[in-house]
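Same chain, two partners: subunit A is paired with subunit B first, then with subunit C.
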Partner chain A sequence: MTRPEEPSRPGENFEPYEEMRQIPIGVIMFAVALALWGGVLLYQSSYAVAVGRADETVLSPQSEQGLGLTGAKLFEANCTTCHQPGGEGVEFAIPPLDKSPFLAGGPEIAASILLRGIDGPIRVGDETFDGHMPSFASALDNAEIARLATYLQARFAGRKQAISGERVAALRREIADAGPFAGGQEIAARFDSSLSPQPEVKPLAGGMGISSGILELVNQGRGEVWSCSSCHGDRGQGADTVPRLAGLPADYIAKQLLDYTEGRRRNENMELVARSLSETEREGLGRYYASMRAASTARPSLGGNLERGRELVLSGDWSIGVPSCTSCHGPSAFGVTPGFPGLAAQHPSYTASQLAAWVSGERDNSRQKMMNVIANALNDRDRAAVADYLATLPPVPAPATTADEVKR
Partner chain B sequence: MKQNERRIVEGGDSPQQRKAGDGAKRAILALAGGAGLFVLGSIAFDLGILGDDGSHPTNSSERESDMAAAYFSPPAETSIPDGPDGDAIRRGMALFVNTKTNAADFVGNELSCASCHLDKGREPNSAPMWAAYVIYPKYRSKNKQINTMEDRLRGCFTYSMNGQDSPSGGPPPAGHPIYKDLQMYFHWLASGAPVGESLPGQGYPELEKTALGYDPQRGAQVYEQNCAACHGSNGQGQRDLNGKLVFPPLWGPNSYNWGAGMARVNTAASFIKANMPMGQGGTLTDQEAWDAAAFIDSQERPRDPRQTGSVADNAAANHGQDTYYGKIVEGRLLGTGTGR
Partner chain C sequence: MPLTVGLLLALSFAVSLLALAGLIWAISNHQLKVEQEDAYTIFAEGEAGTPDVDTPKHAPEIDRNQYDVRRAGLDVVSRPAVLLLVGSGVFWLVIGSAFGLLASLKLHLPDLLTEQAFFTFGRARTVHLNLVAYGWLSMTGIAVAMWVAPRIFHTPLRFARLPVVGAILWNIGVASGAVAIANGWTDGEEWLEIPWQIDILLAVAGAFFVVPLLATAARRDVDHIYVTGWYYLAALCWFPILFAIANIPYIHSGAQEATVNWWFAHNVLGLWLTPLGVGAAYYFIPKIIGKPIYSYSLSLLGFWGLALFYSQVGMHHLIGGPVPTWVVTLSIVHSVMMFIPVIAVAINQHVLVARNLWAVKESLPLRFIAFGALMYTLASFQGSIEALRSVNSVTHFTHYTVGHAHLGAYGFVSLIMFGAIYYMLPRTTGRAWPWPRAIAWHFWLVVVGFTIYFVSLTAGGLLQGFAMLDATRPFADSVRVTLVYLEWRSVGGALMTAGHLLLGIHVLALLARGPAWVPQTGYHPEPAVES
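Presenting the complex of A and B:
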């Protein structure tokens, strides 16, 4: 390649004509217009920042969840999607609180159930329920659980006996890592034999009945491919933008893994991992994480408005065409298999990043682009609000893995 | 900006000894022209000539809320009063959204009022209760008489809620508190609405017939693509971990019976077009809505409680056009009911 002859460099001094010729008026006009534009943008963004800061101080999680909420408000915010505003429950699905014998036995039972959750069959009145109630240990503090338990007693059992925050703190220490109550049977045995008879609890399978191959994938990885737990944590609890997997519906997890291998969902790391898996392994991993029990490690972190988040999650905003999250993901945001993942206790950075991916179209693997449409209707602040509020919800109690199920 | 001005001034001071006013003139011209350009640019952006879609994520919602302004807006849930009237309103709302539990004796399927009256009976074009409340009592050709709201509600329990298969074997008896509480809820939703007027958003907006007519076979494809993710390929809805029904069943023993309005293809098509898939109302074509409705309403469901003789007799007496009741689809007579 021959180099074109280098033009002689102009002198450093201005040519005389340059000193005389003026900058064309059009260029100056353009510069003025740009300067004006810049000024306006600066002003607008400083205004937006100021508004954002003001919102954060007014609506920070601390002031939102604050100590001020009464028992009635706590009930409304935490219990009514499942147990209903009147405490009547839902036939065949959610036990009633109204006149429930479990509430008549003193506030410690209610406080213990709130702290531990229930994961096993329970008989209330004449009806037997499947019994998957989340633990509110991560969602509510001791004083709140005390106020809520006292309120439930008074409203639904007509008892005036109160429990103190200190007593709840002691219960919390006693309970430590006990996990959810294994159905009504354990509650009856622990507190009040008059609650018997309770349905029999099928024994949990040892090692959760997951094959050693799956456990190896989870804990050690295989060959070049790293383990699930190296990013998602040893209990599938996730962190930050890495999603919590514990308690997600099994078929949902298997479907996402398949979508990664077939290019319907995109993430370089996950595509690499997923391509190394067989169908049996995808299903096995789904079952493994669906039955995993893990406390919530998610906390609001995006400065979202929790009140707005609650509105969107529980009621939706029909004026912008957004139905509630719970209308598809279930009343406790536990998910509905296979199409709808659980959202409760998910990390806000992950939820928000997914909502953003639905908006940009980077993620588009929901049926009929349902999530793209919904995420698009929300603005940035709504998405942060939803993500933060979902992080405050108690996690899915794992479906009981019984010996029978494992043999399938 | 300052720099520009200085340069202009410098220009004025050039060796050519321009007139002093010249620089000032140029400065004014530049400022005015610049401001003009800026204004022109802003106007162009606002009109969308320069705008790009990505920067307007709220556009669609703004448009929708503009439309929403045309509808009556019922009071916010937080404004339900305290006291006995507020308690009745709350009971009515609970009946509306959790009908199976709160009216257990009179409900013979797994639907709620809110299954078809979306957003707890508030959503326009999904037969909102604020619009219905103000036009009753009214004459209905269905039973050829003047109906009060209680009469109308009894119809809902009889057909849509399939009262015949409930523990009591029928709708709540006349004067039952269930009717009172539900009406208290509707009355409250309609606070401030003009009585006797047909409000925009009332009922399901009637869908015009298409040239092609409707066809369950085409509808099966529409259904699988657009409806099955939520309602299930078998139309029986889906449950969460606790067994709580999250999506309502569309046919079979747990859905509305053959006497329900929704069992008519035109009613179902109108509902679907305006409201389904959830959050995406208006996105199916008219043809798709008709075909999906035809597919759903050509499935077997609980019998028509008005039937005393044969299905054919009842079809002649009580069923008009746009229904598969009494017709034979794929070699099967429809209308015989589902066993429980």
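Presenting the complex of A and C:
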């Protein structure tokens, strides 16, 4: 640290300059190595582009190719949870497809029902059912609906009449925002008057019984508290980690709001909002969203394995002690009133973050601690798989909101 | 082999590297030849090789590397511009630090000064950034360039009044930009917050700096431009282009706007502040030590490597964003390639300092500058590694990035500017610093303060990043975990601000005495501090 034997301070007149030395060989070798690495990485970026393109095709439900599932596979994936693998239905609950007169009248009927869903009484064979069929318009693309309708007709009505994706696209445009069929009567009137006499449709109470106070909370908010729709959307459809509320059981919504108020469920935004609500308002909001219908806006977005997700949702995995989601949350994961929320068409980020919150104990507002145990048995990949698969399902059909029920 | 984006990229990358290697090889070879011929120019035709017994004491190398700046009167010509620019720079540093400290305090004392929109975090932080980037670093960097350029070109600064006008306009621009931001009028993009209408003023002011420097370079009295000159000339060509393109309103929107935004925001560091800092370090380190830089070829590699690689670096801020994958990958590769020029500069500068540690002990300006040069190496290495997708997915959107930004803009550029001010002002005013011990205080305040600042943000940022990635933890955890580190950051920031106040008072005290118009003979301006 001492200055070497130099006569004086460095002179004020010294001019900086550089010595004529070559670049050290080590630096050159290092530079060449880095250049090789960079070249390889750039060359490989095509691979990333290819993967991205493939992902895009899978993620877009409106694409004409879709997952490329055959009609049989689509039937298995979308219909059998309710209509059963043999198409025999469930007595008193789910109409049979096998030998159903609705399938005999040409594939356009099946395609239209798939696109619109049914919300009203329907008579199939000798039995009358309270029809609650979801719309698959937001879950399946045109080609898929065409293949599925063609398959259903061939298998259950024995007719080899096919419908094209273009025809389904045209139907989709015709239907636009028509909403679900109001029971078998409307279907019969629209397509085939020869269908067996259909039951009378009782007028629905849609919108009735929802006080203007509730609508104001939903649309404008009150005082310093913002509106529900500012985050959850004007149709309760949600986005990302903001959950879809449309079609969740009314009691479930009211309970969550109460839990936020009393600190059993935690979320900085919702705690603030929920604390401003009265008991009547909590129940009113529950009924409002339970009766709401909204097309699915959820898409798989976490890169989860959809096959694995399907397995967990429909069958569970007993090797890790996980029961199927549908065993409690109902067929097609549409929810079971009053306590089990619908999971179908829920946003994958929300589902996965809730599963994660059950693991960490951040969420533990169910007395049985069932979800804590189940979520804990799933790993990150499983949680993503379940969440992504649930996002491919059609949205929960609205429950019967008859006048009696709303007045309750 | 199918023609893919990747193949095209890899090929053009290879071609550009070969071109770079060829360029450096050609320049350094040519220069070697010139050096040989140069050595003969002092001889009359046919005289070479014959001992010249009459003038045995004038060896040619000594003449070539000695130049009496005072006799040439260069500092007197550049003095008004340098003093005005340094004075303004230090003024904006003090104000800017106050805003930085306020923004830092607000992160753990959220109820502090919330009554007025002017003082809210979003505006205080933005005012801080613009004041220190465009007020402090740019003006001081230009001041150093105005002072150094005539010395390496062996000719007085041309149009010496233009930079004075430029400094006045620039000050008006910075001040009105800060007022606009504080009142909520911004362009809404990071590093480009100053409204474009005000940017026009800054661009005009910039021309008043560029013209004199280019004119001085054009009339230089040397054949070979020293490496500092390359950095200065390049920076003054690059920055106006960057600044103008990025600020043109209404031509970019959406994802393109973000791409241009980060192209600019990173280039303003690498192609503007970095050359100002590296150029200054290249001048002051050998100047103070009195020995030459290690290798001319490495200087070439460092400069041309920066020129080639840096312009693509910014898009690593958009990893995971809605821009084409290949754009981001190209940016990552270029970010990592920055290792090459940085290592070249590091060898050139650190070898000289490491062999002459006595000088770091004796000269306070060199202490600042050598520390700053070391931080350049560290900040660049850290930046290259941060650009990798695996690291970026943890550190992005965390305080870690803020720590890194300050390692570059503060640890590197600001420290070098401090050293340059302490070396420059006595020589340009002809007056010694009134309180030499205050310089040592300044050094230790900012070094200790910055160490606390950097270590706490780096640790807190990493914890924050891991908390955000853990899906089983609520988002609020990633905020809570940083709290204690943010408090320490404020402690570090307060120490740094105290150092800046000390500098501000010291500069005021020096300037208050007025410049000695003719430096006293035999006067040696090196601060006489042995600490």
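Keep this in mind: the second predicted complex is superposed on the first by the 330 of 408 C-alpha atoms of A that agree within 3 Å, B and C clash if a C-alpha of one lies under 4 Å from a C-alpha of the other, contacts with A are read in each partner's own complex, and residues count from 1 in each chain.
Heads up, the rule we're going with is that a contact is a pair of C-beta atoms (placed from the backbone, for glycine too) under 8 Å apart; a residue touches a chain by one contact, two chains touch by 3 or more.
Small disclaimer: the values here were computed from a predicted structure and weren't measured.
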Subunit B versus subunit C as contact partner of A:D192, first or second or both or neither: neither
Touched partner set for A:V49, first subunit B, second subunit C, both or neither: second
First, second, both or neither for A:V359, with subunit B first and subunit C second: both
First (subunit B), second (subunit C), both or neither touched by A:S327: first
Which of subunit B and subunit C A:Q22 touches, first, second, both or neither: both
Partner chain(s) touched by A:G89 [first = subunit B, second = subunit C, both, neither]: first
First (subunit B), second (subunit C), both or neither touched by A:F30: both
Touched partner set for A:M370, first subunit B, second subunit C, both or neither: first
Touched partner set for A:D130, first subunit B, second subunit C, both or neither: first
Doubly contacted residues of subunit A, that is, touched by subunit B and again by subunit C: 19-20, 22-23, 30-31, 35, 37, 359-360, 380
Residues of subunit C that touch subunit A when the two form their complex: 4-7, 9-10, 13-14, 17, 28, 31-32, 35, 64-70, 152, 226-228, 282-283, 285-299, 301, 324-326, 329-330, 332-334, 336-337, 339-340, 343-344, 347-348, 357-359, 361-362, 471-474, 476, 524, 526
Subunit A contact footprint on subunit B (complex, rising order): 1, 4, 7-8, 11, 14-16, 26, 29-31, 33-38, 41, 54, 57-58, 60-61, 64-65, 68, 77, 90-91, 93-94, 98, 100-102, 104, 118-119, 122-123, 225-226, 229-230, 238-247, 277-281
Residues of subunit A defined as touching subunit C within the complex: 1-4, 9-24, 27, 30-31, 34-35, 37-49, 52, 266, 268, 352-353, 356-357, 359-360, 362, 380, 383
Of all residues in subunit A, those that touch subunit B in their complex: 19-20, 22-23, 25-26, 28-33, 35-37, 82, 84-86, 88-94, 129-132, 315-316, 318-323, 327-328, 330-332, 334-336, 339-340, 359-360, 367-368, 370, 373-374, 376-380, 396, 399
